[in-house]
């Protein structure tokens, strides 16, 4: 009854998922690994004391009869190829972000999965598995704040390296909001606009930071997301849902309330890896349990596609400074709400 | 040494200021009153046991030698006339909002005051006198959050009557933010845009509610103000200043922290009159002290004019749904920063 | 209609009250001053531009026909004498803490006031005039938390000088809680116990700091008050009322919520003078209005006596480390609840 | 490498731990179960689809060579017998609270474990595994608040049944604080006193509720714990550590901040099972990992004994209303700090 997993890509995130499966989660074990650097794959087997075969060819790993499900944590541009290979073999596959590097690539995966006839793909968007976002969604569903009308959000990082570019504010940062807010509202985006506030002196010369993205949904909900990746003070994720009769905020992470040096307050995380650390466990356990129960329920290939389409429009809106339409076509019945 | 004040307009706000001068503040007394309804003026004298003369003609009150300073709390469309009359007599005048019902009217007052050669006018914008906004400005000035880049604000009322119209969201509601945010940032607006979220089912049929106003300042600070006058849950004023290295929020009003019925929290005010109640005292005491000290420091005729120009642009932006420029001409040297 | 006040004692607190009457409050003015140091009295007249006579003899000031009410802000050991003199002349008197330096002295004032037949004395306990304590009392009265069963309190100062002694933790510090908690609960104390936690290394060698005082009331409410006068981090007053169905906390002072340097929080005051600064205004205005309206309502001579009796028991409990009874005799009908 | 566990007692908590091992944790599986009611044991095997043998004799289960470690979740009075049996076989054993129903019984387990020569026993105190208490201990260790001087704690339940008695406030409720506060402070208790506030009208006729327990530690730290098991409003655990230079509070559970119906606040849990739900997982995973790594680190038999001795003194203090000494003898070197 233990799910046998093959892992493609043993970099940082691959190893983290392997540790998770091996030491923290229930019902699965890693039986095969692959990496573009075979030595790294072998080192990973040693480090985590895995009883696993090392495949030097990723496609051989996908085809390995011992492998019942795939974890794709390789370099982004290779994701589409390996996910399509998994689908071709009819094997469930958990693919880290991005599902593919273009919306077209995502769409090919959607089409392949529909052609296969059953959901096989889960995309590694972890925020819908975060206890805070789940509690926020529960409040919305409870009717306590009425129908949502507006979302005010912020995604702040202490700082980024010089290689971080203006479009990455969308593709690497906002992408999480693009996913989780669709899920939170059970709605889709119809337009995007980007405005550029006064630039922070802490941002590198080529980077527009901060930015504000304005989104509109099919139901008319207006969303503003502040993206500020050199905010200095911490890693801070804010989401405030304004409904017809109340306002609900994403919980702050639990923290010791401290009185010291004339200040009363809590600690703000500075390392993004700590912020959603529990969600990664729940996400991957959800994938394992979904396979066991015969139905994946996490972020789908369609969700990966939708995020990619929205991100493309936002990047375009960065350039044009106009309101850009977001159009992803009709939602296939294969992916019910 | 007691300042002798004449009051034009003894409606609700006029009476409230009379009570304030008589029972709470120091250094002034009401010596003359006028109202379009003379009986109401007489009743006010009786109610507050004033040693004051009732003038049936407002201009006679302005001219009365016993009157050293004016309080204009009459109907809005009459403000310009009485303020100009006070300037003509060289008497200091505190005028409730609006200074005049058009930007042109405000400009005429500005020009008259400049021609007179000394500040005589204070406009009844009270938020710069609120301890919370002052503390927020102190934090900005302290450099703790670095240069301001963005402001996220909300102005929420529980509900409004059917007579409240879409432009009133600007002229009656946003007008307070238009004043106080200029003061907070020591900056001016250059453009405005209005977006309309999904309409609340609690809003009357002719009213667009909520609305979001996007402002830009000369220094590039981006401001979003949510106006939501049927939010049901309370009267709630939010202002979050995002600086280069930190974020500062307008304080919530002090309130008992209550644990009861499975909830942990404080009370939100529902009556707007309670929210800035202390600020009215400070504001009017500031006017009295300013006259005593020979220099008014509160919101000036120029501030009244600037708010009027910005409001006009926002109302236009409601109609056009485009980004509208805000242009008020050069700041006269008469009104130093 | 302006109340004419004579002030005995123009030290720091005397001057502060003079400033208050002259510049902030309504309905009174200072017409006479006295100080053991006549030059200081004269300087005070100059500093605040008072139209006041300087009496070199305090009793002459009390007797001065121009003086309608007294403010006693002289050295503590002289309070009893001057308050009794005011009562003898039938003049209302506001006396700073302590009403007298012994419970017997307080009792003599009580007896004199009763003999006079009308309330003349208000003691300078300001916390019942603090908006936070008033809001807390309102919550109790509202029934939202049911009948009070326990109070958990703390009185913390950043640090004290070497002259601060162990009994002063009661007579200078706890005295405020001894007054305000009686008022809050509308109840009296029946016993006191003091326990001594591990001593802070920041306390001077002769001082027991912190201390915890355990009080019991006639209705069985149990109160614990932590007194910690070298807590380093700020001036912090806590009061949590545990009722049968809920818990209510004294509001924290309103403060900007700041996100900076990986901390989310507010500022804690470090200067005790700031903590209840508004309450001093309300307190003294209450005295002025009470005289105008013919009935003093603030802390009475009986309240001053009750605090003194309780303080004596607490000091004894510091020494014996036993539970000490607090007995103040029956409340005279002259002082209704 | 999978740890094979035998479970004695398949009641509610036994089943919950079985579910945990089977569905949530990593590295262990249930291979044998026993219950005084054999049918319940068999039903449990079916319910959780265990590949496990049902022993009708608990001692046979302990002796079963397939069983590598024991979980004792049977009726409290049987714990001592089964834990001693496990020690006799040299098998690690996780025993739910209480370790034994008397301090003497706990001491016999301590002696048996010492005689065995290696730690085998972990007691089911879960709070030291709670992320909040761990964060609080980290703050203490960081030196940010200086040496702890006082702890102010509360343990509140919405309500209890009529079978809940006054001593159970110690043995069922305070027992958690008795364990976790020793761990938090790395200290031992030397005395206890209990005071009884005004009784809540919601408490049953025979129950003293609330109660306040005052503890003193070897280092002089003073602890007050309010126990209030009919507080109506929620399940609320408070712990405030006052150090020489700051105060740190146990984090409130993360919760959506809601603005609705004139209130601003979060939700308080009402079900105690939710409050430390994550800690149970961490606790039992810690037991499994400890066996794997050759060293148990969780609450020891000595901790179980210490809690029992302290509880006995508190129960005695309830009766005598005096300060009762807590004496547990010297800590054996076998149990290093």
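Should a chain be cited, it is by its letter among A, B, C and D, assigned in written order, with residues numbered from 1 in that chain.
We adopt the following convention: a residue touches a chain if its C-beta (ideal position, glycine included) is under 8 Å from a C-beta of that chain, and two chains touch if they have at least 3 such contacts.
Composition by chain, UniProt nomenclature: A, B, C, D = Inositol 2-dehydrogenase.
Keep in mind that what you see is a predicted model, and the values were worked out from it rather than measured.
Peer 1: Comparing A-D against A-C, which pair counts more contacting C-beta pairs?
Peer 2: More contacting C-beta pairs are found at A-D.
Peer 1: Comparing centres built from CA atoms, which chain ends up most distant from subunit C (Inositol 2-dehydrogenase)?
Peer 2: The most distant chain relative to subunit C (Inositol 2-dehydrogenase) turns out to be A.
Peer 1: Determine how many degrees of rotation, between 0 and 180 and to the nearest 5, align the Cα atoms of subunit C (Inositol 2-dehydrogenase) with the equivalent atoms in subunit D (Inositol 2-dehydrogenase).
Peer 2: Result for this pair is 180 degrees.
Peer 1: Same or different interface residues for subunit A (Inositol 2-dehydrogenase) and subunit B (Inositol 2-dehydrogenase), judged by whether over half of the residue numbers are used by both?
Peer 2: same
Peer 1: When the centre of a chain is set as the mean of its C-alpha atoms, what distance in Å lies between subunit A (Inositol 2-dehydrogenase) and subunit B (Inositol 2-dehydrogenase)?
Peer 2: Each chain's C-alpha centroid was found; their separation is 45 Å.
Peer 1: Using mean CA coordinates as chain centres, what's the gap between subunit A (Inositol 2-dehydrogenase) and subunit C (Inositol 2-dehydrogenase) in Å?
Peer 2: Measuring from centre to centre gives 58 Å for this pair.
Peer 1: Provide the C-alpha centroid distance between subunit A (Inositol 2-dehydrogenase) and subunit D (Inositol 2-dehydrogenase), rounded to the nearest whole angstrom.
Peer 2: 38
Peer 1: Which residues of subunit C (Inositol 2-dehydrogenase) are in contact with two or more other chains?
Peer 2: In subunit C (Inositol 2-dehydrogenase), the residues touching two or more other chains are 232-233, 236, 245-247, 252, 258-261, 266.
Peer 1: Which residues of subunit C (Inositol 2-dehydrogenase) touch subunit B (Inositol 2-dehydrogenase) once you look at their complex with the stated criterion?
Peer 2: So the residues of subunit C (Inositol 2-dehydrogenase) touching subunit B (Inositol 2-dehydrogenase) come out as 22-27, 131-132, 135-136, 139, 144-145, 245-261, 266, 285.
Peer 1: Show which residues of subunit B (Inositol 2-dehydrogenase) lie in contact with subunit A (Inositol 2-dehydrogenase) when the two form their complex.
Peer 2: Touch list, subunit B (Inositol 2-dehydrogenase) to subunit A (Inositol 2-dehydrogenase): 146-147, 149-150, 152, 154, 195-202, 210, 212, 214, 216, 219-222, 224, 226, 228, 231-233, 236, 242, 244-247.
Peer 1: Looking at the complex, which residues from subunit A (Inositol 2-dehydrogenase) come into contact with subunit C (Inositol 2-dehydrogenase)?
Peer 2: 232-234, 236, 252, 258-270
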